[in-house]
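Here come two complexes built around chain A, the first alongside chain B, the second alongside chain C.
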Partner chain A sequence: MATDKSSRFDNVDWEAVTADSGRALSTNLLGTLLCVVPLIALLVYDFVALGQYEDTFAFVGIGYDVTQLDWLFALSLILFVFYALLPLYQNPRITRYYWREFKRNRPAVVSLAFLTFVFVVGLLGPIFISQPEIDLVTQYQPPIGMSVQNTYPVQCLGEVTSGASGQLCHGSLAHPLGTDSRGRDILVMLIYGMQVTVKIAFITSLIVITIGTAVGTVAAYSGGMIDEVLMRYVDVQQSFPTFIAYLLILYAYGGGLFLFIVLFGTFAWEGTARYVRSNALTKSEDEFMKSAELTGASTYHIITRHLIPNTASSIITILTLLVPGFILAEAQLAFLGLGDPTAPSWGQLLSTGRDALPYAPWITLMPGFLIFLTILAFNFLGDAVLDALNPEAQAESE
Partner chain B sequence: MTERVGDEPLLSVRDLEKHYPITQGYLSREVGAARAVDGISFDLRPGETLGLVGESGCGKSTAATSIINLETPTGGEVLFNGGGRWNRQRNEDGSHPNDVTAFADDELFAFRRDAQMIFQDPSSSFDPRMSIGSSVAEPLQVHGMTDQGRRRAIVEDLLEQVGLAAKDYDRYPHEFSGGQKQRIALARALVLNPELIVADEPVSALDVSIRAEILSLISDLQDEYGLSMLFISHDMSVIREVCDRVAVMYLGEIVEIGDAEEVFTDPQHPYTEALLSAIPTADPRAEQANIELRGTVPTPTNPPSGCRFHTRCHRVIQPDGIDIDQENWRSLLNFRDEVLAGQVDVESAREIASTAAGEGDDADIKSELRTEFDLPESFADASVDETLADALDSLLDGDDETAAEQLSTAFTTPCEQSEPVMTDHGDGHQSQCLLNESAQSAPQPTPSDD
Partner chain C sequence: MGLEWYIARRVAWAFVVTFIIISVTWGLLAASPNPQVSNAVRSAAMNGDDPAEAREIQKKRLGLDEPLTKRYVDYMVSVYTLNWGWSQTRSQPVTEAVMNGLYYTVQYSIPWTILVILISPLIGIYSAANQYSWKDHAATGFAFFGYAIPNFFFGIILLLIFGLQLGWIPITYNTDVGVFSLANARQLAIPIFVLVTGSIGGTMRVARNESAEFINADFVKTALAKGVSPFRIYARHIMRPTMVPLSTTVVGQLLALFTGASLLVEVVFSIPGLGRLLFRSILAQDTSIVLGTSLFFVFIATIGNLIQDLVYTVLDPRISFSDR
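And then the complex of A and B:
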C-alpha cells in the first residue's frame, strides 16, 4: 500500500502540478509518429530525389519501387498496429474478456483464423516468394488430384495416363494448385492475390474510418448549420453512382487498383459518419461522458478517449460489411476486364481463366473459392465482434 | 489566495434560472420555454450538506448541472467562494469575480478541481472500455499530472479509502456491483480534492440494503475531508439521514428551505407536508396520515399562475364566501380544472351509467360524474350546490364552455391569483405559501376565515 505523502489525493499541490505539466505523448501516438515520420521522409525522398522509374530502395540494393498504394498500405498498417493491436496488448484484462466472449462463437473463431492467415500470408508471402513466371511450356498444369487432356499442356509435368478419351495429364507437386494459361503457378498467384485483398481491406478501412469518424464527430459536436450541411451531403453521397464514376475515370484517364481503392473508399463512409454522429449524440447523455466533461477535459480528449473507443465495435461491424463488398466489386470489375491488369488480384486470375473454363476450370475455381471463403469469414466475424466487444450489454443481460 | 471571513458561504446561488427554449419548424422559431429551474436562491456553508428534494421533473437535477456548469444557466448567479477565492468583492459593474456562470475557460478549468459531481446511475457512470483505475485517474491526468506512477499510487490509496482494494485498479466496470461502482464514483469525485460535491440521487438506483453503507461512507468522507455537499434526492428519508439543511423544490422553485430538523418536525409548506407524510415510519402504531396529492400535475412549460402548487395543494385556500370541507373544495377545483381543460368525458360517463343498474338518465350520469370526481351530492353550502348543479346541466347539454365559465367564475382561489413570497419563520427557515404569509402579517382580511 502506498504510504508516501505525495500519493495521497489531498496532498497534491495542484499549483505545482499544473505549472510543470507538459503534454505527455501516449505510447500509441509516439509509436505512430516514430513510424510515420520515416515513412514520410522516404516518400519525400522517393518523389524529390529519385526519378519516376528509379526504385525506391535502390540505395540499399533492393530493386523494388514503392507504389502509391504501398504508401497508403504502410500507413494503414502502422495505425492498425498502434491503435488496434497495441491497445489490446496494453489492456490484457479487457482483451481476455473480449476473447472469452468471442470464443463462444465457433464459426467466428474459424473465420478470424482464416482471415489472419490471409493477412499474414498476403503480407509476407510476396516478400519471400518471387513473382510467378510466365512459361508457356508449363501451361494448363492441373492441380494435384485433377487431370486434363494432355493436348492442352505443352508439356505435362505430372504423370501421364491414357484414358478412354485419350491421354490425361495429372497434377504434380511442382504446381500443387496447377498453372494458368501462361504457365504461372496458381498457388503463387493466389498468395500475391492475398496481398491485393489485404491492401483493399486495409486502405479502404483506413479511408472509411478516418473520413467517417471525422465527419460524424464534427457534425455531432458542432450541430446547427454545419451538422445540417454535412448530413445532407452524406445523403447526396449515398446516391452517388461510384461504379459509373469509376468507369468514366477509367476511360477518360485510365486507372488501376489505386483508383479503385481510393474511389470506392472515399464514397463509402456515409454509414460510418451517420453512425458515429448518432452514437455521439446518444452517448453524450451518458453519465460517463458527463463525468469526463466535468473533469475539465477538452472535447478532443473526450472524443478520442471515450467516444471513439465506445464506437469502435460498431465501426468494425460496419467494416465487416463494407470490405467484402469492395473485394467482390474488385473481383467483378476484374472479371469483366475493367480491373487493373498489373495488379495480381484474385479477380484478375478469375478473368484469365474465363476462356479456359471448359477444360481448365481450376483457374477460376481456386480464386473464386477463396473470394467466397473470405467474404463468408467477414460476415461471420461481424456478428461476433458486435457481441463480444460490448461489455455493457453483456453485464446488463447477466 | 484569500482567507474566509465571517460566515461567508462556500456556495451562494442567486436567482438561478435554466430555461430550455422550445422551438418549432425549420427556422427553429422559439415558441416557448421549459422553465426547468426558475429562480432559485440558497447558500451552502463549508462542511454543510444541503438537501435539494422534490419529485422527478421539479428541476432539481437541472439545478445541479447548472450550478456545476455542466449546462450554462440562462440567468442568475452561482458564486463559488472556495478554491482560494474567499472574500472577493463585486466588480464595479456589479458582476462578481466568483460567479461560476461567468468564468473564463481557465477559471472554469480550475473550478473543476474544486467542485465535482456524482451521478445517479452507476451502470452508465463509467466508460465500459476503461479500467476503473484509469477512470478514477483520468481527472488527475486531465489536470496535468503526467507521472503515471504517482497517479496510480494516489488512485490505489483512494480506492482503499472507499472500501475497495488497490488491485481493483485494473478491473473493468462490468465486474463491479452497483454499490461498488458508486464507491468508485465517490473516489473519482474526490480525486481532485474538491471542496464541493454535488451528488445527484447517488443512492436511488441502489438496492435498499446497500444504501445505508454508501450513505455512511459519504458522511465519513465528508467529515474527514471537510467537504460541502449538495445532495439531491426525491426521497425524504434519505435526505433526513444525511442533510443538515433542506430545500424543497416544486416546479423550478424552492418552496421551503431550512434546517433539516426544523423542516422535518415543523414543515411550513403544504407540499413539504405531503412529501413528509409519504415517508414510511418505523413505528407501526404511529398514525400515518399519508396526504394524497390530487389534481393535475403541471408542466414546467406552462406553470400555473399564482402559487405553482395550487393545482394539487390539499390546503388550497377557499375564497371569501365559500366555506366547505377542505377535501371537497379540492375536488371541486379539480373538477373545475378538468372541465376547463376539456377533459371531462360525458359520453363515457353516459355509457357507464346506462350499463349500470340505473336507467341511464341524466340523474345517473350526474351521479356517475360526481363519483368520478369525488364530488359529494351536497356541500354544506347552498350556493356551491347550485353552481355545481348548473354546471353539470350545461355539461350534459354538451355546452362545455358555459360549464367552464360557470365553474371558473364561482370557484376561485387566492392561490391562483397572487404569488406567494418567501416568509421567514426564523433561523433561516423560510417557506413560500399564502397561508404562512397571512399568518405572519396578520390584520388584513384573511381569505380563509374559520
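And then the complex of A and C:
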C-alpha cells in the first residue's frame, strides 16, 4: 500500500478477490450448506425411517418429536446466522458505522435489547424449563405484590391476611407472576409464548423475503408479459383483506400453528416484491450497476451482489412493520378461540384469562402487555433501522 | 386521455379484482370438505343409517352433485345478482342478515371514520409545527401507544375499568335503544375511542412527517414574507399538499382495521354487527353466512382501494394522467 494510514482505507486483498471470482463457495454458502445438509438428512430420516408418532431424537435418547414448524424454524435460524449475523462480523467497519448511527436513537437501543431478550429466552427457555404443569390446587395464585380474595385459589401458597372484604391471598415466590385458572405458572407460559413469537417472526420473515425478492427480481428482469402478470397478481393479493382470508381458510380447512404461520408469510410478501421490483428498475440505471454489467458480471451475480444488498435496508423496514402484524393476528385468532389450542402462545394465555378478568386480571394483563411491548419495540426498531441504513431518507425527513 | 379515462380504467380493474377474488374464494370452499355434509354423515352413522347414502342425499340437497363448471357459473351469477342464499342457523336470507349486521356496524364506523379524518391531520400538523418539543414527543408517544396496543386488549382493559370498576358504561350492548339516543352514545363511546386510537397512530405519523417537509418549503417562506397569518399558512399552504399522501394512508389504515380489529372489538363489546356475525357463523359452521359476510368485507376492501387510488389522483393536480 502506498499510504501509511492504512486504517483509513480498506485493504484490498487482491489474491482473495481473484480467488473469489471463480466458482469457489463463499464462507456463508459453505456454512449454510454444512448446516442444511444434515438438517435435510434428519428430515428424510424422520419421514422415511420413523413412524408418525416416534420421537425424532430417540436414537440419542431425547424424547422430543420435531414438528413441521421446527424444521422451518431451524432453516430460518441457519439462514439468519449465515446471511445476517455473519456478514456483520465479516464487515466490521460498516457494522461499526451502523452501530454508531443506531446508537443515537435511545428508544431503539432499548427495543433491540428487549427483542434480543425475547429471542434468547424464547429460544433457550423451553429447553431448560419444563412445561407448565396443570395443578388445580394452585389455581389463581396472584403475582408478587398483588392479592386476591382467598375464595378463588383452592390453596394459597403465599401469605394470607384478613382485609375489609374477607381473607386476602398474597403472591408468593413460588409463582412470581401468578398462575392461571388451571394452576399453570404464568412466567413459564410467557417464556413458552416467547418461543411461539420468535417462530412466527423468523419463519414469516423467511417466507416474505424469499418470495418477495424472487417475484420482485423476476418481474424486473424479465419485463413484458411476465412482469405485468406478476404485478397484477400482487394487486389482487393486496386488495384481499388478509384477516378475512385467514378466517376463510381456517373455516374451510381448520389448521394449527404451522398453517397460520405459513399463511401469514404467503399472504404478506407483496410490499417486498413491489419494492424490490421498483428498486431493481431504478438501480439498473445507476453507474455501479452499469459498470458491473460492463465488466461482464452475470445477471445472477448482479442480483445477489448488488441489487439485494441495496434493497436490504428497506426489506428490514418492511419486516419491522409486518412481523408485529403477524404477532397481533395470531393473538387475535387465539382470542377468538380459532387459534391452535396446542400452541402455548401469548394470545392463548390472554384468551384463557378472559372469564376470570374481574378477580384475576393478571392472567390477561401479563401476556397483553408483553404483546404491546413487543409491537412497540418493533416500531421503534423500524424507525431507527430506517434512519441508520438509509442516511438519505433521514436527510429528507429533517 | 385524461382523468375520465384513468377513472374508467381503474373502476374496470376493480371489477376484475373482485371477480378474481370471488372465484378464488369459491375455489377454496369447493375444494374443502363441506361441514353440512360431514355433519349429515356423522349423524347418519350414529343413528345406524348408511353414511354413504346420507352423503349422497345431503350433497343432492345442497346441489353439490352437479358438475364443477355449472356450480361455478351458478355461484358467480348469484353473487352478482345479490342472491346470497339462505342461512340455516338464522332462518333468514343471507342478505338480510348482512344488512342487519351492517346496521350496527355503521353506527360506530361512521363516527370513527369522521373522528380519524378530523383528528389525525390536526395532531400531525400540530406535532410538526412544534417539532422536537415536548408536545411533539407527547403526540408521538400517544401515536405509538395507540398503534402498538392490540385493540381488543385495550378494549378489554377499558371495559374492565369503566364498565366493571366504575360502572360508567354498560357491559353488554343494548340493541333496544335508539340510534341517536344518549344511551347509544354511551355504549358506543369506548369502542369508538379504542378504534380511533388504533387508527390515529399510523396516520398521525404520516401527517407529521409529510407536513414537516413543507414547513421550510419555499412557498411557505414566500407566504410568510407576504405577511400571511400563521393559521392560514398551516390551514391552506401546508394542509393541502399534506392531504395527498395522507388521504391514502387514512383509507388504508381504516380499511385494515375495518376488516380486522373491528371484528374483535365487536366481539369484545358484544355489538351484533358484521364482524360478530362472521365470527358466530364460523363457530356455527353456517357456510352461506360465512361466505356472505366475507364477500361483503371483500367488496368494502375493493371499493376502499378504488377510493384510495382515485382520491390520490383527484386531490393532486400535479399528477399527469397521460402516462398512467
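Everything that follows uses one rule, which is that the second predicted complex is superposed on the first by the 359 of 398 C-alpha atoms of A that agree within 3 Å, B and C clash if a C-alpha of one lies under 4 Å from a C-alpha of the other, contacts with A are read in each partner's own complex, and residues count from 1 in each chain.
Note that in this section a contact is a pair of C-beta atoms (placed from the backbone, for glycine too) under 8 Å apart; a residue touches a chain by one contact, two chains touch by 3 or more.
Just so it is clear, the structure is predicted and the values come from calculations on it, not from any experiment.
Student: Touching A:V110 in the superposition: chain B (first), chain C (second), both, neither?
Tutor: Neither chain B nor chain C is touched by A:V110.
Student: Answer with first, second, both or neither: which of chain B and chain C does A:L88 touch in the superposed model?
Tutor: Neither partner.
Student: Would you check which partner chain A:F335 touches, where first means chain B only, second means chain C only, and both and neither mean what they say?
Tutor: second
Student: With both complexes overlaid on chain A, does A:I134 touch chain B (first), chain C (second), both or neither?
Tutor: Neither partner.
Student: With both complexes overlaid on chain A, does A:P309 touch chain B (first), chain C (second), both or neither?
Tutor: first
Student: Just to be sure I read the superposition right, which of the two partners does A:I40 touch: chain B = first, chain C = second, or both, or neither?
Tutor: Neither partner.
Student: Can A:L30 be said to touch chain B (first), chain C (second), both, or neither?
Tutor: Neither partner.
Student: Is there a shared patch on chain A that both chain B and chain C touch, and which residues make it up?
Tutor: In the superposed arrangement, which is not itself an observed complex, chain A uses residues 396 for both chain B and chain C.
Student: Along chain C, where are the residues that touch chain A in the complex?
Tutor: Interface residues on chain C, with respect to chain A: 13, 17, 20-21, 24-25, 28-29, 31-32, 144-145, 147-150, 152-153, 156-157, 160, 164, 209, 212-213, 255, 259-261, 263-264, 267, 278-279, 282-283, 285, 287, 290, 294, 297-298, 301-302, 305.
Student: For chain B, which residues count as touching chain A in their complex?
Tutor: 65, 68, 70, 108-109, 112-113, 116-117, 119-121, 123-131, 135, 138-140, 142-146, 150, 153-154, 156-158, 160, 166, 170-174, 185, 188, 190-193, 225
Student: Using the touch rule from the top, collect the residues of chain A that touch chain B in their complex.
Tutor: By the definition above, chain A touches chain B via 1-2, 4, 6-10, 12, 14, 17-18, 21-22, 24, 91, 93-94, 97, 286-288, 290-297, 301, 305-306, 309-310, 391-392, 394-396.
Student: Once bound in the complex, which stretches of chain A touch chain C?
Tutor: 235-236, 238-244, 247-253, 324, 328-329, 331-332, 335-338, 350, 354, 357-358, 361, 364-365, 368, 371-372, 375-376, 379-380, 396-398
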